[in-house]
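Shared chain: chain A. Partners: chain B in the first complex, chain C in the second.
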Partner chain A sequence: MSTPLLEIRDLTVHFPLPKPFLFGSTRVLKAVQGVSLTLNEGECLSIVGESGCGKSTTALSVMGLQEPTSGEILFKGKPLTGPNAPTRKERARIAQMVFQDPYASLNPRQTVGRILAAQLALHDIAHGSEASHRVADMLSRVGLTPDHADRYPHEFSGGQRQRIGIARALMLDPKILVLDEPVSALDVSIQAQIINLLMDLQETLGLSYIMISHDLSVVEHVSDRVAVMYFGRVVEEGDWHSIFSRPTHPYTRRLIGSVPDPDAILSGDRGLPDAAEIPRNARFSPDVSRKPDPHENVEPSQLVSIGATHRVRLAQ
Partner chain B sequence: MSKTVPASILSVRDLRIGIGNQSDLLHGVSFDILPGETYGLVGESGSGKSITGLSVLGLLKRPLQVTGGSILFREQDVLKLNKRERRRLRGDRMAMVFQEPMTALNPLATVGRQIAEMFVVHRGLSWAQARLKAVEALETVHVPAPDERARSYPHQLSGGMRQRVMIAIALACRPDLLIADEPTTALDVTVQAEVLKLIAELCQREGTAVLLVSHDLGVIANMCRRVGVMDRGRLVEEQDTRALFETPLHPYTRGLLAARPRLGSRTISERGRLTELDELVADTQRGRDAPTLVTPRGMLAEAGR
Partner chain C sequence: MRLRFNLVLGLLLAAIVIIAGVFAAWIAPYHPIIDADLMNSEMPPSWEHWMGTDGQGRDVFSRVLYGAQVSLTVGLVSQLINSCIGTALGVSAGYFGGWWDDLVNGLTNVMLAIPSLVFALAIMAVLGPGLPSLLIALGLTNWSWTCRIARSSTLSLKNQGFVQAAKVAGFGDGNIMRTQILPNIIGPVLVMATLGIGGAVLAEAALSFLGVGIRPPQPSWGNMLTDARELLRAAPWAAVFPGLAIFITVLGFNLLGDGMRDLLDPHMRTRRA
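After this line comes the complex of A and B, so read on.
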């Protein structure tokens, strides 16, 4: 088997919390607990889960913005963490991020052209007219026009701003884009345009995506593979079709069942597809009937294969 | 048709909102909400759905102002009331749940106090009595350990709990009309489902009419019997929810329904493009009223208007 483009191995991120008393013991918040994921070239991997489940922390670790407590992240077999980690400048050409809120993630005091060209200068790729040429090229690629480069972010609509955010992420020609809720701040009518743009770009530029989302209808539409996270762990993972046609972990089923889907509501058919079978005497982990405590150690469990590519977390 | 239809609790007629004397944001919107009914307003940002909700409560911020039309609440034109009378209605007979509970709640007061305030202001209870009522109100919105939670500050609660507190405040005085402006947009899907269920359950029990403003067609389908679709300051279509999804009449509605990614719509073989809204609706077709508005009073009443 060829090396995957990106491999996350047993990633763990703990955040120390302030001591409750002067002599109290230090508590840690276990945000991510032993997450292993792989991303193949040209693939879109979606990480879904509720807020606080560790999906954003995982993505920040991939970006190098969050130092993992333990575990490693490999890009084409080379570690992105630890002593031999690449510099931030090298990292910037591996993975870039598209943020959720296009209103908050663009500098309001810089023109779009300047926002986009800054990275080219910083990486000594292009200066002056060569840079503005590349900016114009990128703007038309994301569905804007070259003269938009002279405008400021506030002059654009939400959808256009998200296009600028995507252009900014693509300027250094990265291999991986981390999409953090790329359409959830946008209107329904604009979402389709941005989703189509992302899918077109993936095809023409051969990009690989890690998409963080809680909107399952978008996830179903865009992803190749889906990982469901719950309280810092991956509880179910598989190709998009297995996850949506055979949601098995109780949390995945709850998540899919909560999507307010107009067609299902109106037809009165709120039934979920059947779960895949799990071995007898096996128990899902964690128990979703009560909320796990993110400060505690989790019970021993493992991801067990229940299909060709489909794995679900069972208690050991 | 006419014999059993009750008088509407809220009747918005030709409402215009603008800056100064120009009506350039809302160009004449009319709709009715019957007692106990949940009416949905759906549209994209800038379509005017939120300012419609705010104008009913009299919460429009300057320079926005109502430039024409009427808002009849229990057959009384609230636009003709003075500030004091409107303030008495607000929070008592009509209440609002906002999108972002963190900014809508007072960070410096315990949630118990913020709920109790409603009883003190509108019911004339003492603070001590009101506090007991506040704990009760927290219990009705299914907040666990309400006694203890009443003493917490908003930042100590999760998003879902905060939104429950907002609902408790809004429903404290058992209003006739609840305006919910994107009540679950800031919440996780699983929490969203719980909060929507709560709103539906409480309003059904008390017979509260709800004006639900949302951009999420799923939320609207889940909650509403009738839906109005807004685009560019106009109500372009109004139908029973089921009919709207089955036979959308206005091209904009058709575009909106086609453009959303739908759960279960992807086939195994390919990852198709989504239909974009402007592929279906020409710009000239947007923001115009459909000739066929269907109201609960039936076509007859509509024809007589």
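After this line comes the complex of A and C, so read on.
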């Protein structure tokens, strides 16, 4: 098997929590615990799970915005983390990111043209009129018009801003695009447009996507492979078909069950407890009325293959 | 409209003070120090002396004009120093966090705990009276609020998408602070600075009033008040007009700061059609 484009090996990220007043030991939030994932060239890997499950932290680690506690991330076999990690500038050519909130992701004081062109000058790709030419080109590519370059971000709608965010991420011609909930802040009708744009771009530019989402209905349209995360671990991973046609882990089933269905009968559901409160070996309980029981103390198993590309974690 | 009113009135008052200071030598009908006419001391306002004369027969109007030079220099220069110190410390502390943030925070708290006027007094006592020491004393003692505002604004900005995007695009920390964070916090910093000009003018007046600021006979609004204090009954105009000048200056710069903040709001700025 050839080297995957991106390989996440046993990634662990811990955050120290503030100490309780005077006494008490430092608590640690184990946001990501031993996540291993691969991304092949030209594919879209989706990481799904609820908020606090560590999917965004995983994405930030890939981007170098979050230092992993342990584990490594390899791009074409070369480490992106640790002592031999590339500089911020070198990394920029490898992976770029589209952010969740289109309102916070554009500097309100810069024109769209400047937002897009600044990185070209930094990386010495293009200057002056050549840069504005590229900006105009990219704007039309994401469905805007070249004259939008002179405007400020507040003159655009949410969907247009997200297009600008995508344009910014593509200016350096990266190999990987990390999409952190790219459409969750948008109206449903706009969501479809952005999803279609992302799929078009993937095809024409040969990009590889890592898409972070809590919404399976979005993931369903773009993903080649899906990884389901639950409290810092991958509980099920597989190609699109196996996850959606044969969801095996009870948590995956519940996620798929949570996709809005007009015919569904509403039932009372309760939220999950704080991520920091979850004991290390917590098991997912298919019975939503039950909290994870720390006394069961079952060691989480490894992911077990149950199909050609389909793996599931048994104990957790 | 409130925005225009603030800005226009503030600009007008500040402009009056600035013109008065810059063109004092041309506008002033008398020399502020030499033209002392003891025969005409403590004269009420008249056509000859618009603001009357003080205890030594000097023209109050001319002295107020020359006093504006001192007040403006102190106000603008000391606030420039304060804003630079406060912004540099605040932005870097908020951006980098860690031990540097703790250090800057501690220093800010110490500065806030010491009354700045007392601190400035102490510095003046060491450096001696005069304009340069005034600038240093007031420039080093009033940056803590600017620092706090710069730090908290930076904290709220640094995890926003556009700052993260700049990191991801490969920009260095210095560049990010300069191009992404600074333009977005310049509004509150500018407001603090403009409000601080008023405060510095007051502080200069207070220090000069206490006798450690501008040395007489060079006129400053503060030491004019000191001189006028003894003849408050006989010649109230000698105290009223410098006081009024202080009032107008502080009010003008405060309104200007307010109006500027509204103007700098990016949502008010649209592309020229």
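Here, the second predicted complex is superposed on the first by the 275 of 316 C-alpha atoms of A that agree within 3 Å, B and C clash if a C-alpha of one lies under 4 Å from a C-alpha of the other, contacts with A are read in each partner's own complex, and residues count from 1 in each chain.
Criterion: a contact is a pair of C-beta atoms (placed from the backbone, for glycine too) under 8 Å apart; a residue touches a chain by one contact, two chains touch by 3 or more.
None of the values given here were measured: they were computed from a predicted structure.
J.: For the combined arrangement obtained by superposing on chain A, do chain B and chain C clash, or do they fit?
T.: fit
J.: Looking at the overlay, what does A:N196 touch: chain B (first), chain C (second), both, or neither?
T.: first
J.: Of the two partner chains, chain B (first) and chain C (second), which one does A:G158 touch, if any: first, second, both, or neither?
T.: First partner only.
J.: Classify the contacts of A:L106 with the two partner chains as first (chain B alone), second (chain C alone), both, or neither.
T.: Touch partner of A:L106: chain C, not chain B.
J.: Touching A:L17 in the superposition: chain B (first), chain C (second), both, neither?
T.: In the superposition, A:L17 contacts neither chain B nor chain C.
J.: So, A:H241: does it touch chain B (first), chain C (second), both, or neither?
T.: Touch status of A:H241: first partner only.
J.: With the two structures laid over each other on chain A, which partner does A:R168 touch: chain B (first), chain C (second), both, or neither?
T.: second
J.: Check whether A:A121 is in contact with chain B, with chain C, with both or with neither, and answer first, second, both or neither.
T.: A:A121 sits against neither chain B nor chain C.
J.: A:L65 contacts which: chain B (first), chain C (second), both, neither?
T.: second
J.: First (chain B), second (chain C), both or neither: which does A:Q96 touch?
T.: second
J.: Can you work out, in whole Å, how close the C-alpha atoms of chain B and chain C get once everything is superposed?
T.: 15
J.: Which chain A residues are contacted by chain C in one complex and by chain B in the other?
T.: On chain A, no residue contacts both chain B in one structure and chain C in the other.
J.: In the complex formed with chain A, which residues of chain C make contact?
T.: Going through chain C, the ones touching chain A are 160-162, 164-172, 175, 179-180, 183-184, 266-267, 269-271.
J.: Quick one: which bits of chain A touch chain B in the complex? Just the residue numbers, please.
T.: Residues 50-51, 158, 187-193, 195-196, 199, 214, 216-218, 220-222, 240-241, 244, 254-266.
J.: Could you pull out which chain A residues touch chain C in their complex?
T.: 63-65, 87-93, 95-97, 99-101, 104-110, 115, 118-119, 122-123, 150-152, 154-155, 165, 168-169, 171-172
J.: In their shared complex, at which residues does chain B touch chain A?
T.: So the residues of chain B touching chain A come out as 44-45, 159, 188-193, 196, 215-222, 241-242, 245-246, 255-256, 259-266, 268, 271, 273-277.
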